[in-house]
Every structure is written in C-alpha cells, then in structure tokens.
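First the structure, which I've put down as structure tokens, then a few questions once you've had a look.
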Amino acid sequence: MMPIPISPERIEDAYRVAPEIILCASGIFIMLLDPFLPAARKRICGWVAVIGAIGALASLWLVWQHRGPAYGGLIRADEFSIFIHGIVLTVAILAALGSMQYLDNERIQRGEYYSLLLFAAAGMGILGSAGELVTAFLGLEMSSISTYILAGFRRTSLKSNEASLKYFILGSFATAFFLYGIAMVYGATGTTTLARIQESLANSGPNLLEGLGIAMMFVGLGFKVVAAPFQVYAPDVYEGAPTPVTAVLASAPKAATFALMLRIFYTAFGSAGQLWFWVIWIAAVLSMCIGNFAALNQTNIKRMLAYSSIAHAGYILVAFAAASEIGAAAVLFYLAAYALMKLGAFLVVAQLGGPGERRLEIKDYAGLGTQQPVLAACFSLFLLSLLGLPATGGFLGKFYAFQAALDSRLVWLVVIAAINSVIGSYYYLRVIVSMYFWDPQKEFQPVAVTPGIGTALAIAAAGTIYLGIFPSRAMQFALLSALSLR
Amino acid sequence: MPKIADILWIIPLLPLAGAAVNGLLGKTWPNSRVNVVGIGSVSLAFLAVLELVREFFTQPMAQATIVKSFGPWILAAGFRADFGFWIDQLTIVMLLVVAGVGLLIHIYSTGYMAHEGGYYRFFCYLNLFMFFMLTLVMAGNLALMFVGWEGVGLCSYLLIGFYFLRKSAIDAGKKAFITTRIGDVGFTIGILLVFWTFNSVDFGPIFTKAAAMPVEGMGHVGTLTAIALLLFTGAIGKSAQLPLYVWLPDAMEGPTPVSALIHAATMVTAGVYMVARMHVIYSHALTAMLVVAIVGTITLFYSATISLVQTDIKKVLAYSTVSQLGYMFLGCGVGAYAAGIFHLMTHAFFKGLLFLAAGSVIHAMGGEQDMRKMGGLRTKIPVTYWTMFAATLAIAGAPLFSGYFSKEAILDAAKDGPNANLTLWIIGILGAMLTAFYMFRLLFLTFFGAPRYDEHKVHVHESPRNMLVPLVILAVLAVAGGWFALPTLVGGPDHFQNFLRPVFESGAMGSVASAESSAETSGSAGEHLVRALLAPGVIVALIGFFTAWWFYIRRPEAPKKLAQNLHGVYVLLLNKYWVDEIYLALIVRPLLWVSTNVLWHVVDEGVIDGAVNGSARAAREIGGEVRLIQSGNARSYASWVVIGAVCVAVLVLGVLGMVR
Amino acid sequence: MGTQPHLLTLVTFLPLLGVIAILFLNRQDHVWVRRVALATSLAEFVISLFLLAGFSAANPGFQLEEFHGWISVPPIHYHLGIDGISLFLVLLTTFLTPLSVLASWNSIETRTKEFFVALLVLETGLIGVFLALDLFLFFLFWEVMLLPMYFLIGIWGHGRRIYAALKFILYTMFGSILMLVAIVWLFNLTGSFDLSEIQARLATGVISSTRTELLLFGAFFLSFAIKVPLFPFHTWLPDAHTEAPTAGSVILAGVMLKLGTYGMLRFCLPLFPAASRRMAPVIAVLAIIGIIYGALVATVQPNLKRLVAYTSISHLGFVVLGIFAFNTISIEGSVYQMLNHGVSTGMLFLVVGMLYDRRHTFEIKEYGGLATSMPILSAFFLFACLSSLALPLLNGFVGEFLILIGVFARHPAWASWASTGSVLSAVYLLWAYQRVALGEITHEKNKSLPDASRRERIILATLSVIILFMGVASPLFTRRMESSANNVLHLMRRDVPVDARTAPAKPPISATRPLAAAAPLATIAAKTGGSSTRAR
Amino acid sequence: MTAVPTSYFVILSAILFGLGVVAFVFKRNIITIFMAIELMLNAVNLAFVAFDRALGGAHDGWVFVLFVIVVAAAEAAVGLAIVITISHNRQSLNVEDVDLLKF
Amino acid sequence: MTLPYLLFFTFAAIAVAGALLVIFMKHPIHSALALILVMVSLAVLYLLLGAEFIAAVQIIVYAGAIMVLFVIVIMLLNAGVEQRTNLSKMARFAGVPLGIFLTFALAFWLSHAALAKPPANALLPSTEDATRELSNLLFRTYLFPFEATSIVILIAILGALVLARRDS
C-alpha cells in the first residue's frame, strides 16, 4: 500500500473539521487523564472538558477563515455548519459546567461522562457539517451511542437504565430506517453526496426509490428531533436520564439533527419540496398538539418539559414547512433560542432535584420564589421563554417561525401553532404559580448554587434575553447560513 | 362695582361657596356660624338678583335679554356648551321666586332644624340646591340647564335622605333620584336631537331656527314634536306628572322645609319652566302641546282625588302639589305659558307657605303628621293657623287671592284660548272643586273641632320667631302675589302676562295665548267684575268648601259613613290606586329576578364561563387521553414508529402519485 | 420634535430605574421600599407633565417621536410617539400609579419588594403600549405588561386568586396570540411593522380581498375586545378584579382596560376601515348589550368589588360604542370617558379597598350604616358614585354626553338604548351606596371602624379634585384630543396620503426581504399548500 | 451465464428488513430485539451491495457496508452492556417488564 | 435455470427462513443461531454479487464476532425461554400487522423501483482490483468517516466500561 500523502489540501480539510478534532482529542485526553485522578479530584475532567469545548468553539474562527467543502464534499464547513457548531458547542460547554455539581451529588463523578459528552458533541458537529449521507450517519451514531450511554449513566437507578434501554433500542431501530433510506437514495441516484443528489434530482424529477428513501430517512430524523409520531420515546427517556444529560438530549441533538434535515430536505431534496411538504405539515401539527395536550396534566416537571420539547419540535417544523430561506433561518434561530432556554430549564431542574433527583414534582417547587429567588427567577425566565413571552428568545423564535410560515401562506398551520402556544402556556404558568403563588413547604433545605452551574445558568439566561431583545445579529447570521445551504 | 350682568356667575356661585364652606368646615361649627354662611350666601345671592333685576329694567328695552357666556364647558368638534347665561323676563321671574322663597325657607329652617343633628350638612345641601336651581333657571343652553336639572335632583336625593338612618327616608331619596332619571333619559335624548337639529344647544340659535320652521300641526309628528315630547318626558319626571309622579309623595320623608322649597316651590316646577323656556318648539308642535295639556289635566284630577282621603298632612299637600303642577302644564299645554308661569309663582308662594305652616304644625305637635290625631289647633297656634288659612284660600282660588288669578288665567286659556279644549277645561274645573275640598278638609281637620290628641303628652306650642317671620311674609305674598292681574277683574290688562309677553312672543308666530284674550271680548268693567267673581272656578271652589264644611264641621261622622258606602273607591284612593305596588310588581321585581337568575347565574356563570372553563377542562381531558400513548411499553413505542414509517411512506408516495 | 429629545423614552423607562433602586434594597426594609416606589412614581408623574408642555394640540400626527433602528431582520424600529389620544392615557397611568402605591402603603405587608417592583414594571409596560408606534414594539409591551399584573393578582390577591390570575392571563393571551399572527401577516403584506408605513401601504390597497381584511381586523379586534372587555368576552374581569389587591384593581380597571379601547382606536379603525365599518353594527350591539347587561348584573351583585367590576363592563361599553360611531365628537367622548372611567372607577376601587382593609370582606351585607361610623370615607364614596353615574359637572357626564351626541348622529336608536344605562347606573350605585353607608349600623364590628386616615384622605381628595376639575374644565382636554381624533377618521378615509415620515412606498414584500424573493422552495410550498389558496 | 438482476437482491433485502421490523415489534426478549436490529442492518447491507453492483464501477457501497458493520458492532457492544445492567438491576429480560416510566 | 439463479434462490430462501426462525424461535439461543444462518447465507449472496471482501468480513466480523458476542451474553445471563407476554395492544393490533404490511409493501415498491443501469458485463471484476479500489476509497475518499468510525468504537468501549463494569 502506498502511504497517504499529507498534502496542503489535507491541512485545509483539517482546519475545516478543527472543532471535531479538538473535541475528540480532548475527549481522549480525558480518558487518559481519568485513571490518574483520585476520586475526589475527578472534577478536573469536567474543567478539561469545558476548556476543550471552549477551544472547539474558538476554533470556529479557524473554520470561518477556511470556509468551504472538505474531504471532497463529505464535509461542508460553511456558515450553516458554523451556526450549528455554535449551538452544539455552547450546549456542550454549559452542560459540562452544569453537570459537575450534579455528578458529585449522585456520586458518579467520572471522566467517561465528560469524554462521552465531548464525543457526542463531535458527532453532532459532524451532523451539522455533513455533506454526505453516510458521514452524516456516522455522526448520528457517534452522538446517539454516546447519549445512549449517558442516559444510563446512573447505573444504579432503575429509571436511568430503563431510559438508556428504551433510548437505545428505539434509537437504533429508527437509525436502521434512516440507513435503509440512505441505501435507497444511493440506489436511486448512485451517490450519497448531497450536492450530487441535488443535481440528479434537478435533472430527473423524483422517482419512487427516492420517495421511499426520503420517507425512511424522515423516520430516523423525525425520531431524533422528537417529531410526532416518533416522539414516543422522548418523555420516558428525558424523565429517566440524569437531568444534565436530559438537558443535552433535549437541546443539542435536536439542533444537529434539524441541521441535517435542512441539508437533506432543503438542499438535496429542495427541488422535490412537494414530496415532503405535507409530511412536515402533519408532523408539525401532531407534535404541537400531542406535546401540549399531554403536558397539561403533568405533575413531574422533568416529564412536562419533555412534552414541551415535543411541542417545540412542532413549532420548529412549522418554520421548516415554510420551505424557504427565511424558513431555514427561522429554524436555525429557533434552534439557538430553544437550545439555550431548554438547557437552562433542565439545568435548574437538575440543580433543584437534589441528590437522587427527589424534588421533581410541581408541588416540590411550592414557594421557591421566596426560598431560592435567584434560581426561581432563572427558571421563570426560561419557562416564559418557552412559553413565548416577548423580550425572550423563545418569542423571537416563534415570531420568526410564524413569519416564515405566513410568508409561504401557511396561514392555518400558523393559526394552529398560535392556539397551541396558548394552550401550552397553561402548564408553564402552572409551575410559576407553584413557585410564587403557593406557600412554601415546611421542610425545605435550599440547594447551594455552585460557580459552575451559576455560570451556566447566567450564560443561558443572558443568551435567552439577548436573543429576545437584540435578535438581529443572530438572525442575520442565520440568514447567511440559510443562504449557504444552497 | 361691576354690573352684576357682567358677573352673572356670582349669583349661583355664592350659594355654592356657602355649601362648600359649610360642607368642609361646618362639621365642628356652632349652628350660629353655619347660619351666617348658609343664610349669608343665599341672601347675598338674593341681593345680587335684585340688583340684576334693577339693571334689567334700567337697560334699554331693545336688547330685552341679557346673554352672557363665561367660557366653554364642553367643547368637541362641532359641539359646544358654554357656561352661558340667558336672562330675560322669564328668568327674572324664576330668579325672584327661587332666590326669594329660597331665602325665606333658609331662614325658616334655622328654626325648624335647630335641634336636628347634621345641621351643617342640611345647610350645605340646601345651599347646593340653591346653586343648582339658580343654574337651572339662568342657564343659557340646554346642557347647562341639564346641569341644574340633574343637580337639583341630586340635592333632593340628599335632602330627602337627610335622616339617613331611617330606611324609608333613604329609599324615598333613591326613588326620587332614579324616577326622575328615567325621565331624564328622554330629556337627554331630546337634547341630542336638539343639537343635531339646530347644530347648537344654545337657546338663541334654537329659538331663531325653530321659529323659522313650519308648525307641525295636530297629528303630524315631526322633529320638533319629537324634541318637544322627549324634553317633556324629562319634565314629567322632574315635575312629578303621570306616570312618574310616584316619587313626590314619598319625598315627604325629607324635613319639611325641604318639602316646601324643593318639592313645592322650586325644583318640581323646573319642568314647567323648561316647557315655558322651550315654548318656541312647543308652539311649533301642536301634538306635543296637546299631550302636555292632557298629561297635565289627567294628573291634576287624578292626584286631587288621591289627596281627598290622605290623612298625613304632608301627603295631602304632596298630592296637591302634583295636582297644581298639573294645572301649570295644562296652562302651558293650551299655550298660556305666561299663565302657567304665573301659577308657578303663586303656587310657589302659597304651597311653600302651606308646607311651612304644616311644618310649623308638625313642629307644634312634636312631630305628629297624622291629621286624625290633630284638631282644634286654631287657638293654640294662631299665627300658623291664619297664615295657613290664607294659603288655603289662595290655593282654593278664592277671589282676589293669588291662586285665584293664576288658576283663572289657566282655565280661561283652556276654555277660550287659541288651543282651547273644553274637556280639559271641565276636568280642570272639577279639579278646582276637589282642590277646594281637600284643602279645607285639611284645614278643618287640623285646626277645628275638638283636639283628637292626648293633651297631656303633646304640649302644643307656637313656633319660634325665625319660623313665623317667613310664614307671615309668604302669607302676604300668597294673598297679594297675584295682584299683578288685578286689573283683569275690570277687564284691564294683566301686568304679569304683559311683562312676560316679550318672551313668549319671541316665538314670533301665533298661538301665544294670554288669559286676558278673554278680557278683550269687550263689555263694561262691572260685567267683567261680576263675570270674574262668578267664574266657574269660584263657584266650584265654593262647592268644595261647603262640602268640606259639611263633612268635617257640621257632620264629623259623615266621612266614615261615606267611606263605608263607597268602600271600594275609598280604599282605592287611600292606597293611591296601588300604583307603587304595580310598578314594584311589574318592573322592579322582574328586572332584579332576571338580572340575578338569568343574566348573572345562567348567562354569565353558566354559558360564558361554562364555555371557558369547559374548554379548559376538555383540554385537560384530551391531554389525559393523549398521555396514554406513552404506555411505557417499548413494543408499543416501536409500533408507533412503524405506524409512522408506514404513514410517511404512503403519504410521500401518495404525493408522488406513484402508488399503483 | 418636542422640548426634550428623549422625553418619551424617559417617561417609559423611568419606573425601571426605580425598580433597579428597589432591587438594591434589603427585602426586609419595607419602609424604604415604599418610599422609593412612591418617589419614583411621583417623579414619573411630574416628568410626564412635561409631555403637556411639549405637546402641540394643532398637530394631528404623532409628536415627540423617537425613531431608532432596533431589529434589522425583519425591519423593526424602536418607534415611540404621542398624540392627543395617547397623551392623556399616559398621564392617567402616571397619575394613578402613585395613588395605588399610596393605597398599598399598609395593606401590603408580605413581599413588599416584589409588589412594588411589579407595580412599577407594570407602569412601564402600560406606558410603553400607549407610546409604541411599531407593531412589534407594541406587542412586546402588550404581552410583557401581562406578567406583573399576573403576579399582582396571583401573589397578593384574595381567595380564588390563582384561578383568577390564570384566567386573566390565559384569556388575554388567547386574544393576543391571534393578534401576533395578524401583525406578522400584516408585515408580510406591507413589509413593515411601522404603524404609519403600514398605514401608507394599506392605503395603496395592498389588501386585495375584504375577507383578508376582515380576518386581520378580527384578529386585532378580538384581542382588544377581550381586554376591554366587550360583552361575551368579559368573564375574566369580575374574577380578576375581585381577587386582585386594591392597587391591582385600580391599575387594571383604571388603565389596563383602556388598552383595549385604545387599541381599537389606534389600530382597528385606521388600519381596517372597511372591516370596521362593516362590523360596526355588530360591535355596537355588543357594546350596548354590555352597557345594559353589565349594569343589570352589577345591580344584583352581593360582593361590592364584583359590583364595581361589572360597572366597568357597562362603562367601557359606552367607550366602544363611541369609537365605532366613527364620529369626532363620539371619539373624543370615548377617549375622555376612558380617562373618566380610570379616575372614578379607580376611586371606587380605592374606597372599596379601604373598606376591605378595615373589615376584610367585600360582602355588602357585612356593611351598612358606615356613614355614622366613618362619615368622611362615606362622603368620598358617594362622590365617587356620583362621578361614576355621570352627574353633570363631574367628569363622567362630559364623556358620556359627548359619546351619546356622536352616536346619536350615526344611529339614534343606539344612543337611546345606551342612555338607559344612565338610569341603571344610578340604580346600582345608589343602591349599593345605601346598603353600605346608610341606615342603621347592623354589624357590631362596623360601630368602631376608624374613619379615613390622613393618607387615605389625601388619596381620595386628590381624586375628587381631579374628578371635579375634569367635570368643569373638559375643554382643556378635548382641545388637545380633537385633531388626533379627527386624524383617526381622516385615516379611515383611504384616499389620502398618510403621515409625514412615510417612506416612498417601496415595492411590496420582496424588497424588504431579499431572500424571500429568491426562494424557490417557497413557491413550491405555495403550490403544494392547499392552505395557500385558503389563505388568500 | 447471466447474472441475477439486482432487483431480486433488493426485494430480498426489503423482505429481510421487513421481517427485521416485525421481529423487533414481535419479540419480547431484549437480546432478540437487538438481533432484530442486526437483521435489519444486514438487510441494509445487502441493499448497499446490490445497488453497488447495479451502479458498477466505484465500490462506494462496499465502503458503506464496512462502516455499517463497524457501527453495528459498536451498537452491539453498548447494547449488550446495557442489557447486562438491566438484567442486574431487574431479574428480567422481558422488554415489557421495563415500564417504570410511563404516561 | 442457471447457477447464479439457483444459488440466489436457495440462499435467499435460507435467509428468509432464518429471519422467520429468528422471529418464531422462543429461545434466544435459537434465534441467535437462526440469525447466524441468515448472515452466512447473505455472505454467499455477497459472493454472488462479486463482493468477496464484504463476504469475508460478513463471515468474520458479523457471524464470527458480533453473533458470538450475542451468544456469550445470552449464556452469561442465562436468558431462559422468552415469555410471550402481550401487554402491548399497540404491538399486537398495529405494530405486527403493519410490520408485515411494510414487508410486502417495501418488496412491492422496490420491485417497481427504477434502478440504475444493469451491470455492464456479466463477468465479475477481478478480486485484487476490487480490493485495491476499496482500500483507496476507504483511506482516501472516505478517510474522514473512517476516522469517525474509530471514535465510534472508542465510544463503544467507553460504554462497555461505564455500564457493564462491576462496582467494587
């Protein structure tokens, strides 16, 4: 075998996947570091992970400098992928920050957690920048498998096991569909590179095989973005998984997978919009309705938030159905805002849950407004943003989504979404009710807010408000990314 | 010193200031200081009025009316209502009556209320009333008139309910306010119509424009008629005509001076004043005039019948007031506005006097109002008796007494005025007879015969001087108040009506009646005198007097017999035709019932809130169902994925149109 | 431009400064929290008076405008402005807030800090709504303002406060979310969020079908009607009012309800004239039903505060009626009536609150004969009632009268029906007053009640003076409203070029959103979407 | 001798995939459920190889197969690890017993 | 009926039968063996498709390694006969039927699918070329995914470490 020459363009390529490289490197470094750390000092791994993620985030600048396709189009380091990376990496950083305290409480402070977190992030990064289906599939698997493990990280807890199991079997089930879809597309077009698929579709209209292909792929993708009717696993998994993991699960994979969906549906299958329009439309309506209605009666906050994330998948799909650049931009913006607020919300829950995640019921939150004003305030902020109150990122997200959809004349879809968001507001408000309007219970020992989680929450909150009041930059960049799709 | 005409606002504002001072500071003051403020302000106002009168007469007759505006009050787009005043002969008359009688009654009250609690409050209200009443009569536009109109209503509410611990009193007050407000709805709409018809609510433009419009003949209901009728509904409420008179008798719950001032002399006559003020419009709407006349006539007879059998001294007077107001409207209705106003004035004198005297009687009897428990007071309280006697003669229409002239003027107009109507005239005459009867009945029951009260308990005593002085003054007026018309006895002119003629001829066109139109029908002074003294009014008055004498002096037991023989009628009258009960049963109760059991409980709580909460509940139940998807069983979940996969595939291929 | 460049911004956000100050205070330090709150609100009021100075009655358009870029995509501006309509509503807000701060001086013991923070935030929100001229900005304030009120009711409210709070906010949100959709839709039609620009574009007939206009109108109107509240959408109000703390009720009734009517005046009429005209009869009927219905139901309420709440429905009915009479006089009347209702109902609620502070009940039958034990308070109570039942020379009359005049011109029957309301108002108010204040004292507890304290006397006296002043000096107000009121009607006539600073009408949507122009997928979606055809 | 048409292979893969799906839904034992997944992946592989031949020339399909196999291996490792934990914590391999989280 | 067809149909039949056995065998071990059967027959089919390398990998890695892992785990946990509980109505009335439907539907649809052109020449490409080409693809074109797989495996190892490790 002749050796593989290290040519300058290989270096270029390396720049373009710099974040992944950094993430994986630091992940591996943590693995190596872990054994040498005494149980008490394991937190260091956490900080390493934070630094690694920040480094990856910083390396986005490098990517920006060397925008363009890498590895012969397998990877597309464009604005779009940068945007997604931004989201994913921020989530990774905040999650790492937010997890340390939790892991200590649960006595599962271990290096693997952080390396898995980073690998997952790397996988999502690949998802975000994949220009070719099998690469995307690998990215998907990277993120999925690591999250399967993370979900089961509290090995002693039955719920955690169950979450991990359900997530795993159903996840790989769905992935199999996705893979079969890839196979069909490959069979139909003879390629798995998005760009070429686009060409061949443009030349000859979509045929049956491609139709089946995209249908099967949607099964896998819809599963990952928690779109109905593939949302089934989400509430169980989100409830069972360790809360910081849930925070990640709810925010980052959704972003990454939606990114892939955008690339596949908008770019590759852009010319065949009518193929998937109604699928998206129906999925959107179903997700919104199922998510919101089912959440109405939830007393377990973790589970309630899980349902809410189904509903939010629906809102994002509304923007997605717009099938236009602004639609794509709206999706991206929504993903950013959503990631921040959802992550924040779950981190608060993680913090308040206390050792063994005991405090999860709404009634446990009674009177929090007086006992832990800061945490309560943060939580309310995130809830209100999820609810879509103006001056929060959530509202702008909805706003752009509605705008995009209306721009494509999807009036009724928007109306349904609007009404749904009112129905939804009920359960968010109920939490606020319990936090501020109910009298606190007698035995309540406040939980300490460590610097780590403090920073995480602060950043999330600040971000939410920033996106709510000064969305311009983000939105402009989202539009840029949307343009870079085509 | 500036001319009053340039600072007209001083006249109403003086009492207002008095009210304010008393109201804010009077609480802790001794009565004397309250008097100074209360009486002082009113007497100053009265002086101002006198000065105004002087100026009015000294000015060249050319601009007979003084119209002054002191800045806008309401101002919007096309609409403008000023703090504007309108002073003409009519206003002068009203001002004199209101300020004069008002002052007297203020003085009287210092005695009558001396021992009541809330003395300062009483005078505060009283002054406030003067303010609104003066505003009402001086107002230069309908809007401002409405201010006085509503304001006096408020004061009557406050004063009737002066004894606010007594439920009957506060109920009466509320009733008065609400009932009159019902009329005011019409009045308001009337104003609106006026504005959109004449593009102004100022009298000047209204009169000129209205005068220019064609007369709307009998049976033809045009804009003017509509306006006239709408405004008249206000008058019906305010001046206690059928069917809205019900509040006035109850209003007697208030202190007697109040009854005298508000519910006899001034406020209740506001309606008459308004009609006279708006005579231009009425004269152009004959149907409306007829309606006015008819309502007045029916009322005067109807309420006279009621007062035949009342035993409460003030109730008698109350119904009599309603009846007398009926006369005034009859006068206006037949176009004899001047006569109506004339009667308004004389009525102010004698009815005010009657009430004050009655008050003095009640005062003497230690609060007793039931005439059946009086009797033989003639000797014990002579001043009261004589004054009351004079007043009774006046109201009964005994020749040369004030009431005689005014009532004759009205009846003549009804007989052979331009809008004469014989039926109305006849009823009017009958009314006169009843009036004489019940008034003398009152007099006899109260002052004659043997005392029917326990002389040991009740120590009858003449009232203090500050109560008697007003009585005497009013008595003089009650006797001489009508002598402006003295010449008519000998076919001469009626100075009062001549004085008012410019006002009522400003309506430009015909139908301005004046009672002495009869006098024009020639004949020597002697004949005139005879005809005047043997006028039907006089005769029926005599009949009334004699029946009363027969029943209550000659045969004191007769009334009972009669009551037994005509039991039905008697009970009917005694219970005032059960009108209050009917209103209660037909209007008040149903309204409350509907509001509670239909609108509130059914519509509000049942339907609307039911829908709201129902949808919320429904949502939660749906939610409960939806949750069941999450059975927790991985196989079910897988099944969902499969279902999804199949659906998506079918859908996509369906869209693709390639499902063969 | 006015005397002071950033006056409006200052007026809008000054309360927030107070909020920050309060946040720095120790939560136990009730006294200073109160003082700061009072100081802030007073300062706010004083500053808001400068608006009067800077305002020129002649100019029909917006004045003291502030126009800064804010969000670039889509073009959203920080655009404030004031005209004769919003001017006095702002003043009303700044006037009532200090009073409600005073009113809550002692009655709020728990979580004082949060309370006053909420109150001040609320003030900012309200003022923002009145001043915002960018639909997005407007909506932002509109929604944000809900929250503090939600907390006011929910935390410091009475018995069923949580139910009331949720009902209040959900009801309102349901309305406003559809408005949001409509706003966005408008943007897609006109390519702008700026009120005057939208106005201009619409004038060029962007909306092709009446159906679209009706839908848009409906979306806006619904949310406003719920806020007002108009007859069938009113049931949140009695609960909210009854459960809210005094200050809450005062602001709620005094200002928040006006947002609805203000919205109709500012958006429904000028933006959708045809639809407004078309729907006017229906709305008028609803308004009249509201007037009579509210009055009748109020009459039979056993709960004093609930009674007052229902009177609001009746009074606001007048306002709506006046607005939809499309007549300068009636519109001025409506605006004036908004102020009146704010002041007099505010006063009523304050009195009721003071009674509650003493007896901790709203049940009318618990009271009776208070005039004996506390004459002063009863006197003020009576005064408030009189103003509320539109006694001439008091504020209420002017507004009602103007409305009636205007409405009469459009439809005499409406005016006639509406004017029956005046009788009913007399019925329920006087009856309530009688049962509360007059007669013998029936309950032992009422014998020894303290009369109005100095603080309370100050509050009530201030209000009384204003009531009287507005009753006799109405031209001072109406003069400044006139041109703006005219302007509304002027804008309803679509044939005219609108407002000074209107950009030369850009080519419709695409220009403002370059991307949409080059969006192949959008077209597909449009082709596929059956919804698209339905949408048009 | 003529080659078997690709479509035959594709149809076979379809059948295998479908059976894999059925197996997944039908089986209760967690381990066999994993086997079902493996079955599906195998079906996919078959499809890849078949298509690859149909397209002739470049053997991308083969590469994909390799990747899939690796992933399958990884999944198997993790999955079985999860199974072991589960069966430690709750003495059952029946997937239907694992329903702590629901509604 | 030429040899390829014969081979195809034989092993296709075996594969399907194996798949069915996987479903119907009650004991996991039997299912596992059935699955191995499927895989082996698939390997033969790969040969038939001219992918010797893949066939080899299939046998070695899949049947050899992965399935052995399965069997070991089954032994380790000595999983007994699977009890056919029917708690899931969904699976019974929707999942399985629709699964079967999907089987036939997919087969049907794919049988109608318009495939890319049939093989240029019936002759199978010579082994070396194919393998060299494969390696080129693997280490040049698909270098990045290839590296990614290494991470995937790493993750798998970590997973095993985290989950299956006994706590001391």
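We call the chains A, B, C, D and E, going by the order they appear; numbering starts again at 1 in every chain.
We take it that a contact is a pair of C-beta atoms (placed from the backbone, for glycine too) under 8 Å apart; a residue touches a chain by one contact, two chains touch by 3 or more.
Note that the structure is a prediction, hence the values are computed from the model and not measured.
J.: What chains, if any, are shared contacts of chain C and chain D?
T.: Looking at chain D and chain C together, the chains touching each of them are A, B.
J.: Once the contact rule is applied, which chains count as partners of both chain A and chain E?
T.: Expected: B, D.
J.: Two chains share more C-beta contact pairs than any other pair here; which two are they?
T.: Chain pair with the maximum contact count: D-E.
J.: Determine the centre-to-centre distance between chain B and chain C, using the mean Cα coordinates as centres, and give it in whole Å.
T.: Their C-alpha centroids are separated by 39 Å.
J.: Measure off the straight-line distance from the CA centroid of chain B to the CA centroid of chain E, and report it in whole Å.
T.: It comes to 104 Å between the two C-alpha centres.
J.: So how far apart, in whole Å, are chain A and chain D when each is placed at the average of its C-alpha atoms?
T.: Whole-Å distance between the two chain centres: 26.
J.: With chain centres defined as C-alpha means, what is the inter-centre distance between chain C and chain E in Å?
T.: 69
J.: Return the residues of chain C touching two or more other chains; collapse runs of consecutive numbers into ranges.
T.: 170
J.: Going by the contact rule already set, what residues in chain E reach two or more other chains?
T.: Within chain E, the residues that touch at least two other chains are 87-88, 91, 95-96, 99, 102, 106, 109-110, 112-113, 115-116, 141-142, 145, 149, 152, 155-156, 159, 162-163.
J.: What are the residues of chain A that contact at least two other chains?
T.: Answer for chain A, listing residues that touch two or more other chains: 134, 138, 141, 145, 148-149, 152, 155, 164-166, 169, 173, 184, 187, 190, 207-208, 212, 235-236, 274, 277-278, 426.
J.: What's the complete list of touching chain pairs for this entry?
T.: All chain pairs meeting the touch criterion are A-B, A-C, A-D, A-E, B-C, B-D, B-E, D-E.
J.: If we count contacts the way the header does, which residues on chain B are in touch with chain E in the complex?
T.: Spelled out, the residues of chain B in touch with chain E are 631, 633, 635-636, 638-640, 642-643, 645-646, 649, 653, 660.
J.: Under the stated contact criterion, what part of chain A meets chain C in this complex?
T.: Residue list for chain A touching chain C: 266, 270-271, 273-274, 277-278, 281, 321-327, 329, 369-370, 384, 389-391, 395, 399, 402-403, 406-415, 418-419, 421-422, 425-426, 429-430, 433, 436-437, 470-472, 475-476, 479, 482-483.
J.: Would you tell me which residues of chain B are touching chain C in their complex?
T.: 71-79, 143, 146-147, 149-151, 154, 157, 161, 164-165, 167, 170-171, 174, 177-178, 181-182, 184-185, 188-189, 192-193, 195-196, 591-592, 594-596, 599-600, 603-604, 608-609, 612, 616
J.: What residues on chain C touch chain A, complex-wise?
T.: 70-74, 111, 114, 136, 139-140, 142-144, 147, 150-151, 154-155, 161-162, 165-166, 169-170, 173-174, 177-178, 180-181, 184-185, 187-188, 509, 513, 515-516, 518-522, 524-529, 531-532, 534-536
J.: Please output the residues of chain A touching chain D within their complex, sorted ascending.
T.: Chain A reaches chain D through residues 134, 137-138, 141, 145, 148-149, 152, 155-156, 158-159, 161-166, 168-169, 172-173, 176, 179-180, 182-184, 186-187, 190-192, 235-236, 239-240.
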